[in-house]
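The structure appears below as structure tokens.
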Amino acid sequence: MRIGVLTAGGDCPGLNAVIRSVVHRAVTTYGDEVIGFEDGYRGLLDRHYRTLDLDAVSGILARGGTILGSSRLERDRLREACDKATDMVEEFGIDTLIPIGGEGTLTAARMLSDAGLPVVGVPKTIDNDISSTDRTFGFDTAVGVATEAMDRLKTTAESHQRVMVVEVMGRHAGWIALESGMAAGAHGICLPERPFDPADLVKMVEERFARGKKFAVVCVAEGAHPAEGTMDYGKGEIDQYGHERFQGIGTALAYELERRLGKEAKPVILGHVQRGGVPTAYDRVLATRFGWHAIEAAHRGDFGKMTALRGTDIVMVPLAEAVTELKTVPRDRMDEAESVFQTRIL
Amino acid sequence: MRIGVLTAGGDCPGLNAVIRSVVHRAVTTYGDEVIGFEDGYRGLLDRHYRTLDLDAVSGILARGGTILGSSRLERDRLREACDKATDMVEEFGIDTLIPIGGEGTLTAARMLSDAGLPVVGVPKTIDNDISSTDRTFGFDTAVGVATEAMDRLKTTAESHQRVMVVEVMGRHAGWIALESGMAAGAHGICLPERPFDPADLVKMVEERFARGKKFAVVCVAEGAHPAEGTMDYGKGEIDQYGHERFQGIGTALAYELERRLGKEAKPVILGHVQRGGVPTAYDRVLATRFGWHAIEAAHRGDFGKMTALRGTDIVMVPLAEAVTELKTVPRDRMDEAESVFQTRIL
Amino acid sequence: MRIGVLTAGGDCPGLNAVIRSVVHRAVTTYGDEVIGFEDGYRGLLDRHYRTLDLDAVSGILARGGTILGSSRLERDRLREACDKATDMVEEFGIDTLIPIGGEGTLTAARMLSDAGLPVVGVPKTIDNDISSTDRTFGFDTAVGVATEAMDRLKTTAESHQRVMVVEVMGRHAGWIALESGMAAGAHGICLPERPFDPADLVKMVEERFARGKKFAVVCVAEGAHPAEGTMDYGKGEIDQYGHERFQGIGTALAYELERRLGKEAKPVILGHVQRGGVPTAYDRVLATRFGWHAIEAAHRGDFGKMTALRGTDIVMVPLAEAVTELKTVPRDRMDEAESVFQTRIL
Amino acid sequence: MRIGVLTAGGDCPGLNAVIRSVVHRAVTTYGDEVIGFEDGYRGLLDRHYRTLDLDAVSGILARGGTILGSSRLERDRLREACDKATDMVEEFGIDTLIPIGGEGTLTAARMLSDAGLPVVGVPKTIDNDISSTDRTFGFDTAVGVATEAMDRLKTTAESHQRVMVVEVMGRHAGWIALESGMAAGAHGICLPERPFDPADLVKMVEERFARGKKFAVVCVAEGAHPAEGTMDYGKGEIDQYGHERFQGIGTALAYELERRLGKEAKPVILGHVQRGGVPTAYDRVLATRFGWHAIEAAHRGDFGKMTALRGTDIVMVPLAEAVTELKTVPRDRMDEAESVFQTRIL
């Protein structure tokens, strides 16, 4: 069998573990040939690819990033890809295409599948916001990085009677904020799923200080936003080059709290540190299992689907299901976190 | 409501997170009183306990071990506890007892429950071998520690053309060996679930060196054992005090491989390092959720059950179910690992 | 003997290790009494202090922050302290005052010493910018945090053909930027010690990409600044509350590089994460040795001095020497880093 | 200039950082050619070597082990090397040989130097036992690994009222035990520099338990040994293959303490985990500086010396000095540790 693999979208710890697993299973068990397209779908269109043998994936299991590179494909080039899909199958002689990526990549995968390409998808997002899989690899690593950062910040915040506002990733879903906030014992958590009122955070902080606590840590998802009319936010600022720069919610909220509390409040924007580096054991195992099952699906001819975690099992779910809606934080998960941390999730 | 909590059995990262979560939810949401029994069931019998308020659990979320201490209860004292169960309920005025522990502790919990105590159990084992829950807290931390150790060992093994035999925890179930072995890319994995033949490991190592690889790492669960007649093992040795000391499988296997391969093979016994220290974010979240749901169950009067993870949900399962059989590594999980690592799981 | 200890200025991993060491040595070896003033010199003036016995310092060795709290003393209150110094000695019956802090704290310590207080200082700064000591504790931890962050960022930068600009601490001295930049293999390093020209960074990045490298990481000290006329910087922006907010150099430089390179350049501001959390073994040992030698000096009556590391020895140096000038990165250290990383330090 | 580099002896985090630094400085600054001999001196004798250009050392800065491989050279082969030294210089056209290694390697380096080879040595040992340099790279990483392990063990020991005996590396010098023991707050430390009496440890543990402490951690260097007649030790045991196996001091001491205390005492042998993996920032910087200065020395024609750390400076010291005697833990360093931890160093 001839298998093509590519990684697309924002990168994510565990991508190399999937590639390695795909190659190991395909080459050693089935004697398949595996080719890797460079920089996502672009490599497919521009015919940039290389053969991936056992040596090519040696030593990459614990490495962050992706040895294949990644990029986002423009809509029109994607359409182009779909039109040419069947030709490409012939040209490359690919029996299965395995795109590893997030919502956008899987939507493209679905289009290619509808266009007739034999596709097996592997979901990837540190945001953990893909429906029909319990978890995605990369998420655990991102939560771990954010949690360790907050562990560190708590000690310094405590010594200086300071409020720390930590902005973590999560544009549309608050999973990283929810789990790292719970893990680190943040005193307030702001999610994209529910607009927050800064007044609630002010109240929480004041109550803590009244109880003799000397600090507070607020964990904010980058996609969180204040409720209508509660806080002036989102007005872009003009930077020195005349570009309008929007201030992140973490920075804006820290300033707002400092202003309202009359206490020092410092923003910390974790940013891309959450995306990189050595994946946790959890993510390496999940990524490895995804790669293994993708090859099994390919050899079963089980196309148009993606790998997914359900409980402790890896199952195949139709791409159609996977990309219909974003998996956001449900009400009951917010309730859990709230009561434990004695503060409304905002 | 008056709630008693205790931790029993071997300790496990995340115990303090459960205690904290129980106290936070009970005290702040329901205005309950929580008392903690010291050193497991022993504290219950010897009336050693203290009140746990919010201050008592402040700052323990990320701390390993258990602030309540732990111990194993002798069978007869357990029976004693069951006989006195109902009296004790009255004596302490406990409305719910929340024992946090492993198979032994939950069996005791079940007996106490049958004896009429209102019990809500919380499962705990780094071995992840409790049935009817997808995972237990502490396991992820243990796997992380073992994986990081093997990551380190690979670089030094590679530089010295050496075989490393890493013994990880897992007396009756090989989950830690399976997942840390997969995560670290071990070249051989030995589980309690299936007797191994050293000859297979010798073959694997020789094939690797023949392929120009300069090292091999074998991950062995402490409960793994060689197949009948494949290797002389288990004969105790007499130490300098005349005690018979049984050599661990890791050490014995390293010697055996060194002897058969004529190559340096070094044992590394990770031991208790896997049990201690700061829990991973994953374990803190799971432990926190368990504690939260235990209190919910108590207030629903949902007794004789324990908290369990099913997919992404926390559910309550009868203690009866939970302790009937050990959750061991199933055949298909072995298959996954095998093919990825090009070596039979032994 | 009666010994007073306090921690002042920005906090720093290792402060608790010093406090613990002071108490252990003083109490167990000399049978001294130790009192700890709260929130730095403020506790001295406001008479907020508590006795520190062995139990009070149990378990704090590896904890970040300071159990005594910290604050910056306003100049006038400091003068007040000096005027009252001798009275306070009598009032508290202190035989030795041990202030642990940075440049400001040690200057105050010197004034108090000149005013007649028996003072033994312990230097503390994560910036490592105190002269007459080879290193200060906290610095190693900060460098470690910054290095690990850049290790992570390199993998994600590589996968996305991106330039990362990482801003680390160091307002007046670039030690953290120099050592974390060297340790992480940053491709450009900007220090406060020497104004930089963005054009040099642009050149370096373009040369890298020309050589087929797909990313670059630039490490910038928060106190670094562009050479006169090379880049528009430092013009404050008006935020939504009408406050002028100065954009940090990391953010400004990332925008500048993006504009000039036409390539994505992302700023990452590590901020307070560098200050908090578990100190490295190196910092714990150095802090412990400082505390031990401070007590020895107190009992020798060796006042008006501070502990310092010289090679592998701890020596006592006059406070007068210590605070005269900042220890900045010397020319030859820049040369080393430059050539190794094939780029001028800017 | 044509420069040969090799790594010999036990491996050590930071070796790759030296190789990288040597190549960067030599190639980019001086346009030198660098060749790397494989597996230490063996590669020199067997003519196994390869050219090292910038690409060859790309991405190795943070990698443990050594890309050149390592081995110990037998005495006679070493003599052979010395006899052929001058011929080899001509054969390879090497203008400078840079051997990176420990005491054995540097002794060989000195012999080769005496035999007429232009040699610049770089010291390497995780044991930190080379005289005339304040520190060696690899040591900080080893201490960090040992410290983190003891941090973890303390929490589990505390929960189970248990004594932990942790054996760390250090055959002839106790630096790792001293510094990791201090950093982790071990309650007893046993060094090769001074025979210990188990009775002192028993006393210390009993006093701790009498004070209500629930655990103790003892840090033992692998080269530590009991004082004459204090404990039966060192009698080899016959393993199942009839080989005499000597029980490590950590295991023997744990059994001895368990027997005398009547309390559970568990040995943990850290072993090779201390040698491998990602070097700390400190070690990467020191290794990088050593490499840089080795090339400077080569171009100055400053041969027969090795790089050394003195305070914050890198200096060149004659190989003759470096290898005359082992750098062991001096009396005053023991005194510091003792008093802080309220227990004699044994």
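Per-chain residue numbering starts at 1, and chain names A, B, C and D are given in the order in which the chains are listed.
Definition applied: a contact is a pair of C-beta atoms (placed from the backbone, for glycine too) under 8 Å apart; a residue touches a chain by one contact, two chains touch by 3 or more.
Because the structure is predicted, anything quoted here is derived from the model rather than measured.
When you average the Cα atoms of each chain and compare centres, the chain farthest from subunit C turns out to be B. A straight line joining the Cα centres of subunit B and subunit C is 41 Å long. Each chain gets one centre point, the mean of its Cα atoms, and the points for subunit B and subunit D are 34 Å apart.
Chain centres here are Cα means. That of subunit A falls 29 Å from that of subunit B. Touching of two or more other chains is recorded for residues 151, 278 of subunit B. Pairs of chains meeting the touch criterion: A-B, A-C, B-D, C-D. Chain contact summary for the complex, subunit D toward subunit C: residues 20-21, 24-25, 28-29, 61-62, 134-135, 140, 143-144, 146-147, 151, 179-180, 182-185, 278, 280-282, 284-285, 288-289, 291-293, 310-312, 336, 339-342.
Taken together, the subunit D residues at the contact with subunit B in this complex read 7, 10-11, 13, 15, 63-66, 69-71, 145, 148-149, 151-161, 164, 214, 232-233, 235, 237-241, 243, 245, 247, 252, 255, 259, 266-269, 271-273, 275-278.
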